[in-house]
Every structure is written in C-alpha cells, then in structure tokens.
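Think of it as A, B, C and D in the order they're written, each chain with its own count starting at 1.
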C-alpha cells in the first residue's frame, strides 16, 4: 500500500524535481502540494513538465493541509522548517530539503545563517559512514546541500582511508537551477548563457561549514576547506573538482584501491574506469554520482572529481533515497542511475 | 515474462535513447547490442549515461547476433534496414527507426533519397487515424521521422476537421541531436552554441514528403507543404510552428473545439490550456507532445505549434509506443509524460 | 570635432549595446548617461563589459541632465519618449530606440499599445526605399524594432520587385536579450537554456503592425502578415524565416536576380552565395545582415531568411547607422560587418 | 603607412579571431592567408563572420606565399612553426600563436610534447616582468597559451609580492573554442551543451609546464602547480580559479594592496572593485582581463580569479598586443577592453 506524501514548496525547482521522482515511485501516493505565494494556482502553469499533475491546485502551507500524510517533504526557504515540523508531530516522517537541520555546530550555523540554530536531524547522505544506520526508522531527515553531496562523495574515500592531508581545495561548477526560481537579474538567461562566474568566494558560501563537517567526519579529524563555487551556463549539474595534498608514502595505486573499495557496493556512486572522466550530462536527471580520481605525482596531490545532478542526487533524489531507508523500503526504489543524455 | 529485444545501432543518439527507455520498460529484457564501427567497445565508453549497461560490449550487426530476440530495433543509416530485416524472418517484430519504410510513394522516395524504394511498413504514429489498427499484431513498424511527428500532431486536428486550406507553411527548430553523433564541423559546440541557422531550405529536407504524406492523409486530399528546418542551440527538442489558411467560415471557437476533440483521449498528446504555449524544455526526455493552437483573424490563418523531444516521442519513445501496440501491451507501458525540467 | 551624445536608459541591454558602439565611434563623445531606477550607481556595476565607462555614474533622466548634447538617444520603456523629446527642443537630434514613433497608423498604435499615438518620426531603416532621404538632416529618428528590421530586409527584394503575393508567413527566433533585462521567471537561465518556445502567437506581437507597414510600403499595396516570434536559447540574434507565395510566372532565377540587385550596394546587407545560409553567430555583435533566399517549386513559395544581431543592427547599430546619416557622417562610421564568432 | 601581415592557418579559430582583430587595426594591412587542408577555398565559406574578407581565397603555406610581409602570424599545429620561421628570414616579425617556442626547459618540452625542443622566443605576455623589454624590437614572439595567460595574471601579484606559498592549485573552465575546430565526437554541440567535464587531470595538460614557468618567474623560486582544466558549455572564455596558501603574517589588506599596485597601470588588466567578481561574458571578444582576489582567513588561502576571452587576450589579442610592442606601435592599438555582452 502506497505511502501518502505531501510536498510543501511545490512550485520551486527542488519541489518540482521531487514531484517528478515521486510520480515514478511505486511506493508513494502524492497528496497535498503547497506553495504560499502561488497558492491557488494550477501546477500545470508553474511546472508545465509535470503533465500528470497539471490540474493539481497549490494550497497554503498550513498544518491542516499537511495533516494526514505519512511523509511531508519541506522545500522551504531556510528558517521556516522548524515551525512546520513541530506542528506535524513526531510520527510523521519529515524530510527537510532546506538547510535548517544539517549542521551540528550551532556556532557555525549562526555565523553563516545569522539566525538561531534550530537543531540537528539525521543527515541524509547514506554513503557517509554511520548515516544509513541513523536514517533507518528515523522520523526526521536533513537532506544535504547539493555542493556538500558532490564534494563529500568525491573526497570521502581519500579521507576515509587516511590518504589525504587536512586541507582540501575545492572548485565546483553548478548549473543555474541551484540558485532557485526567484527571478534575479544575474540569473537571466541573457546573463548566464556563455558565461562562467564565481560567487561566495573566500569561504563565504553557506555550504562551506557543511563540507567541513562531512570531510572532518570522514577523516576523523578537522579538515580545512577552501571552497569556491562557480555558476555555469547550464540548467543542471554540479562538477566538483577537489584536491588535497597526499599524505607521506601515498601512491597512485593506493589511491585507486581506496576509491574502488569505498564505492564497490554503493548503488548510486560509480567510480569510472581509469581514463574516463565525469560529466554532468551523463547524470542529468539521474540519482547517479560519477567519481574519478587521479594522483598528480609532481604536485603530490590527490585530484578527485565528481559529477551529480544538483536537483536529483543533490536534492530531491537524495531526499527520496533517504526516505526509502527511513521507511524501510529498498534504498533504490523509484530512483534511477540512467541519465538523460545527450 | 519479458520480451527479449536487440538493438542494432546502439552507439548513436537514437540507439542510446532507446536503451534509456528500454531500461525502464517492465516488459522488455535487453539482449544483443550492435554497432559496426564501434563493435568490441564497452557501452560505458560510448554511452556513459547508461550506467546499468556500462559493461555491455557492442557486437557486429549480423543475423547470428540478432537471432533469438522477439523484437529487433534498427537504428541504422538509411538503406541498410531492408537487408537486415529480411534475414530476421517474418515472426520477429522489426522496428525500423530509420527512414527506409516510411514513404508509400516510391517516386518520392527515389527523388529524396536517390536509391530504390525498399517498401512500406505500418507507420508508427498511433495518433494518426488508422495507424493503431495497422500496428496491432504487426511484425514490422516504420517509426516516423522526428519532424513529421511534431508537424503532423500540430496540424492533424486542423486537417482532420477540414478547417485548413491545402497549403501548410512550417518552420521547425530542432536540437542538435537530430543531426546525429557523427562529428561534422558545423555541429561542433563552438559553432552551434549561441546560433540559429536554417538548413534544407526550399523543400529539400528528406522529411518533407513524409509530412506531405501525413497531412494529405489527414485532410483526405493533397496538401502542399513548405517546410523549413532550423538548428537550435540545444541538445534536444523540436518546436514546430505550423500554419495554414483557414477555410471559409472558420472561427477561433471551431478551431479550439476541433483540437480539444482530437486529443481528448490521446495519452501522450496534450492540448495546453488557452494562453499557455509549448516549450521543448517541458517535454525533455518524455514521450509527451505539447500542442497549442491560435486563430489569427487578421491573417485568417490557423497557427498550430507543437513541442516534442526529438529523441523520445520523435524517435525512440515513438518506437516503444508502437512496439507496445504491436505486442499487445498497454500503449503507455514504460513511457512517461513527465519532462526533465528545468 | 566630436559630437556629444547622451543616453537615456543606459542600464538596459539596448543602452549598453549603444554605449559599446559609441565607445568605438570616432565621431562621438559620450556625455550624460541616465537610468532612473539605477540613478546613482556606477556603470561598472550594471554593465561590467563596458570597462572604459566603469566609473561613470548614472543620473536621473531630466531635461537638465540631457541638456547640452547634440544627440540624445532614448532607450526608454514605450510611452516615455514624447515627453522627454519635447523638452529637448527641435535642434537636438533625438534618436528613439523605443516604439513610440514608428507607426504611421494611429489606430494600429492604439490597438497594439493601448495608449494615445504620440506621432511618427522619420523611420531609421535606411535600406527601405525613401528612408535615407528622410533621415538626412532630420532631428528625429524612430529606430525600427528588431523583428521588423530582420523581416523587412528578408522580404524587401521580393516585395520590391513584385514577385511575392500579398500574404507573408513569418516565424522568427530571437535571443533572450530581446526581452530585456527586467528579471521575469520565464527568462531565467534555468528556463531558457535548452528550450525553444513561442510567444505572442496569432498576431498579437507588437511588432506585427510595423512589419505590415514596412512590407506594404515595399509592395506598394497592403500585405497581410502572419508573424510568430519564438524565444531561442541564446543571448543575442534573430533568425527570421519568411515566406510568401510566388506570383504567376516567377522563377528561381528571377528571385535570385531581384535579391542580388536589391543588395548590391548596401553596406550592411549581404546576400550570401547560393548554398550558404545565414546564422546568427556570424553576425554576433556586428551591424551586418545576412540574407539568403530560395524558391520552392513544389510549394511555389519564396523562402527568404535573414540573420541579424537583435541588439546591434536590430537596435543600437541601426540607431547609429541612422544617426550617421542624420548628422551627415559616413553611414558606416563606427560600425562593423565583422561578427564575433565562434 | 600600414604594415603588411600574413596569417598562416587562417581557417581555424585562432586565425579567424586574429583576422577579426587585424581588420580593426589601423596599422595593419592584411596580406596572404594560408590554410593547407583548406587551400583554394573562399574565406567566406570557412569564416562567415569575416564579411570583408569573404572573397579572399586561402593559399598553401609556402615560403613564396608568405614572402613580402613584414609580419607573419603562425596559427599552426605545434611542431610546424620552426620550419616556417626559418624560411622567413631574420627581418620578418614572426608571431607564433602555437606552443613551439614558449618553454625554456627543453626537458619539459620533450616530456609534454614528445618531440625535440625547437627553442625559446621572447614570451608575449607583456604584463609579466621583463617581457615588455624583451619584446621591443624583437623579430620573434611566442604567444602564451590561453590557460597560462589567465592563470599567470590571476596569481602574478600574489607571487610577485611574495605573499603566496609555493604550491598553487588551479581549476579553470574553458569555452569549447579552446579545443579547436577539428570535429571530434566529444566536442559536438549535443555533447557539450548542458555539460561540464574535466580533462587532462592530474598534471597532464600541456599548459602545466608553462604555468609553472611563469609562476616560478614571478615568485623568483620554483612553484608547484596542480592544474585541472574543465570544458564549459560556452563557445569562448576562460574562468581561472587559482589559490595558494598565504605566507606567514599575510593579511587581506596586504593582498588587496599588492593586487592594486600590480595592475594600477596595466591597460588590459582590471582589478575589479571589492565585491564584484569576474565573468567571462564581460570580456567576450575583448582583450580585457578581469581579476579579483579574496583572502580566506579560515583556510589561510589567497583565492585569485581571472576571466579572459581565450581567443582574444588568450590568443589573438595577446598576439596583437605583443606585435604592437615589437613594432614600436602603441601597445593598445587596434585592441579593445569592451566586451560584447550580454
């Protein structure tokens, strides 16, 4: 019998991608859809690609509307999830696709978000050691950020196997959907097509402390992170180019072996054959993660690169994967590793 | 029990899209994959988005390799399908995604393709009157061209209801995957990004006689077609802008009514609500067709516009839809109307 | 001695392109720059590509600020130009890049713009018969719309030589800069990349009456126009695919000859050699117009296609070209036919 | 009196961009154009954006054809320049836009190019200390690679002022024109649109030793470089994200001051105001370099980012700038800092 799920924030890109996945999920029945500024509108106007839901009308995000669902997904601006979750009660599975419950360190939350810390929920990155166990049966899930997902899965084997020194340098390129659907001048098609540009340079991006948290957990010791995000002229996808100094005595073979071991049994992460490199097009619309690694003997650095779809594995697909675990369903249910390419 | 399907020509864009769909099709088991110039290569190298098939190795396109399958899809250059089909025998369902068996008029074939006509197979556009019946139980299917699919579905209600005069003017924009995967200078990313350009202007495109055939069938009388294809800076999608002079006494209401009636029960064709226009992004990766129509009272023309994904409904999805009918499966099995957007 | 020019509306795309051209114009000295909602801001923030003007600060659009210039360019929302022009006095050359003074028929203006007609100024399309003479010494110029520029130059020889019947069918694809810099959801990069979509279908686009006016002038008789604009995934460029039924006895040779004759001496319009087709990339950033024509003997239609840069020849370059004529400068001064490609 | 210049390799992207610039250069008269595989073809077919040169016919690259020019530009595949240069004699200014004469270390050349080292010519990056003096009056110029230009100008002030430690980590995104015009499957528009992917990872890219050479020269001591290039879905532009650990006691203010001082008088390099970041669109088609720098106090790294047009400042514009110096012309002659945007 299908589980009934509501989506709060169904008019944005994260909500739309989630609905695309839920429509194909055999264990889920789509219930209430909300979206405050767009309440009263047909979904067909706001998300014309979701043909089967075209006649659904968005409602206000209230506890009455969200009541009566076994799963509630929150795709809300940060700062709003705690209040909604509280009203839903402890028996409803609440999956927060926002940032509110990702960080364990309240001081870091306050530094980067400028508001009181709401708490910490089980973290929805099953590939990170310990996460699967914490997700099983959980009624709360904090879905990781898109950049932290890509970066963590690129560097996890290197830190997990103790091969990398404690300073990571990361440059990631993201498609524009990561910046959301609210119209801003610098996100106009006229501005982004044909252009690459950085933002949040110098440690200011809000995903930085989440990356630090994950890599430090993997390493079992504090990792320092230099993270530079860039905006790429494509709607979707993240390519994360990550590197760290190799520890003493590390060899290319040891690096390769660590990556092969780490991802041998992961259903969604694929270490590519040597010589083949990730591309965001290959994982477009899929929950797959492509990973490749090289050892630069001159620079003595491990270069690990991952490609994900920021809306799928980076947001909505990651949410569904963790939901499956929390509900006791097969982890891969309703998810695919097949990209829509070219 | 799953039907076993082989794909001849699995390394190109049509073959790749077909495999993407077959991987999600509950009634199909993927068998032999062939590709002459790429025989011996792993599919993971050629189609890195098809992760579950990465270790499949392409074979030569021989009758031995293709034997033992209940369905064989042909994604071959035109002129090669007849010889392969002959060797497969009459009990195998052969689905030709090429042009060889689409045209009924041998003279038109010879004029546009410059080679002897191979024959005519049941035409795989179920929405065209009479096609579904001809496909049921058929062992041969000629999958329509991508432009003819888009154009026919845009103008079918106008001609079917006798509202349009006999001269149609069509300008269609296609993504670059329609031009195939063989590298040519004018298809380089450097050339196509940021550029729109026409080709095959003045009636020379090979899809012209197929469009004429379909519209004439719909009208029950000869239709003249002016067809101009253009190359758009996107990987996928066709937007077909089609118009014809309205017949005497035609009104906007009559046009709307004809379109509503024509597509009320079609699972893949959706007449959009008034005021909403098709976009190729909305049908990206889906088998859906978005259609909209307007009546220009000043110019006395019916303007009908459709959007499809050229690789899905325009090629591989159309092939699967017709295969389902031929095999007696539900027509929508394994196909989706949900696009991957943004 | 350089002529001093002010630009009202310097923060938008038309204003920015105009400044790019004026910076390279040997006869112009750039004076006041205004932009109401952005007054007080450095141009370097708003137009980072105009490095030499980075420290210029935008002012309010007032008659005091605009005083003391021999040329004033208006890149304002429609409806605002008349009031500004009035204050500038009859001796200042006022070049309106907006729509206010393009149409001669007040009823058409009111139908399409819903406001009182402000009047008609000499029309800045020098290639249109009679326009050069009217521009010489004029103190007022109405710069044509981008679509009318592309469409008129595609069909002018056919109508001018009496080869085409009176109904034209036009489908044009435009880059997104044509829609301006005001952020709207459907213009986000996430929405437009990978997508083609139509708008203003059925005769509703405001450039329709201007196209009718031009083609009728060329033909010397009323021409009916079916015009469908589409939005293409590129920042700049218009590809206009235009066709009309050929008159009795028209031949391919006659069509070719008419086009060759019409554009033999035009500095910015280039009829391409037979077999070569226009592309918007080839005219990117240039004032050039690429034109090609074909005769479809089956459909008995003349297919004429033009490519322009909507911001250059379609707006700011056209403005400079007409200004040169009005000021008695060489028509090509400061303008180039060299595109920035690839 | 204009200097007569020939271009060997006029059919490719570098040659085409050079011709675009030379057409606007008041001191140059364009002479012979060669292109071996395309000899005999009209330039209008190969470079349709260069309208004024459309009727020029490409010749074979022979010493007879290249004789009688005061400047000869070589845009040839690496390994061919030495033989051509030898035939031209010592009084002709030979500007090599290829790699042959860039590296001083023969062992590095042989390691990365697998062929004997041809020698070293004065290096055409005027902003690098000592280069202007070496270029004055020189008859030989080695134009830098596109990535080394972007990377060197990003990090030069940090190393020049002794602020950065000796290990640099660089991730750069390039438009596809950097990969040239020879058609290869992975460069098809269908493949690159919507996709980011890395290549030459782990130190293998041939621009790596050139970057090492430049940064070591700036630092006055060996610098180790980790360089990862990525292919971005745009025709032009390089965004280079470069970082290095800050030396002891370095502050944000010291970093800013060093960058302001380094570029105060450079005509083509512009340090952006604080808070504004480079974008490749802003320098599209221009010889400008946008640079910005940040100090990440958490990671103790200097993050320097530059944007250039790979074909202009990164190749042909850099060539013209150095040619101007060699010929004793004003360094900025014929070059612009104005980008073509949006």
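What to note about this one:
Following the convention adopted for this analysis, contacts are C-beta pairs under 8 Å (C-beta built on N, C-alpha and C of every residue); 3 or more make two chains touch, one makes a residue touch a chain.
Here is each chain with its UniProt name: A, B, C, D = N-acetyl-gamma-glutamyl-phosphate reductase.
From a predicted model like this one, the values you see are computed outputs, not experimental measurements.
Counted by C-beta pairs in contact, the busier of B-D and A-D is A-D.
When the CA atoms of chain C are superposed on those of chain D, the rotation angle is 180 degrees to the nearest 5.
As a whole-number value, the distance joining the C-alpha centres of chain A and chain D reads 37 Å. As a whole-number value, the distance joining the C-alpha centres of chain B and chain D reads 45 Å. Within chain C, the positions touching two or more other chains are listed as 13, 175, 177, 188, 190-191, 193-194, 233-236, 279, 281-282, 284, 342.
On the chain C side of its complex with chain A, the touching residues are 13, 175-177, 179, 181, 183-185, 187-194, 233-235.
Chain D contributes residues 167, 169, 171, 173, 175, 188, 190-191, 193-199, 201-203, 208, 224-226, 228, 230, 232-237, 239, 241, 243, 245, 277-282, 284, 292, 294-301, 303, 305, 307, 342 to its touches with chain A in the complex.
Of all residues in chain D, those touching chain C in their complex are 13, 16, 20, 23-24, 42, 44-45, 47-52, 54, 177, 193-194, 235-236, 270, 272-273, 276, 279, 281-286, 288, 290, 336-342.
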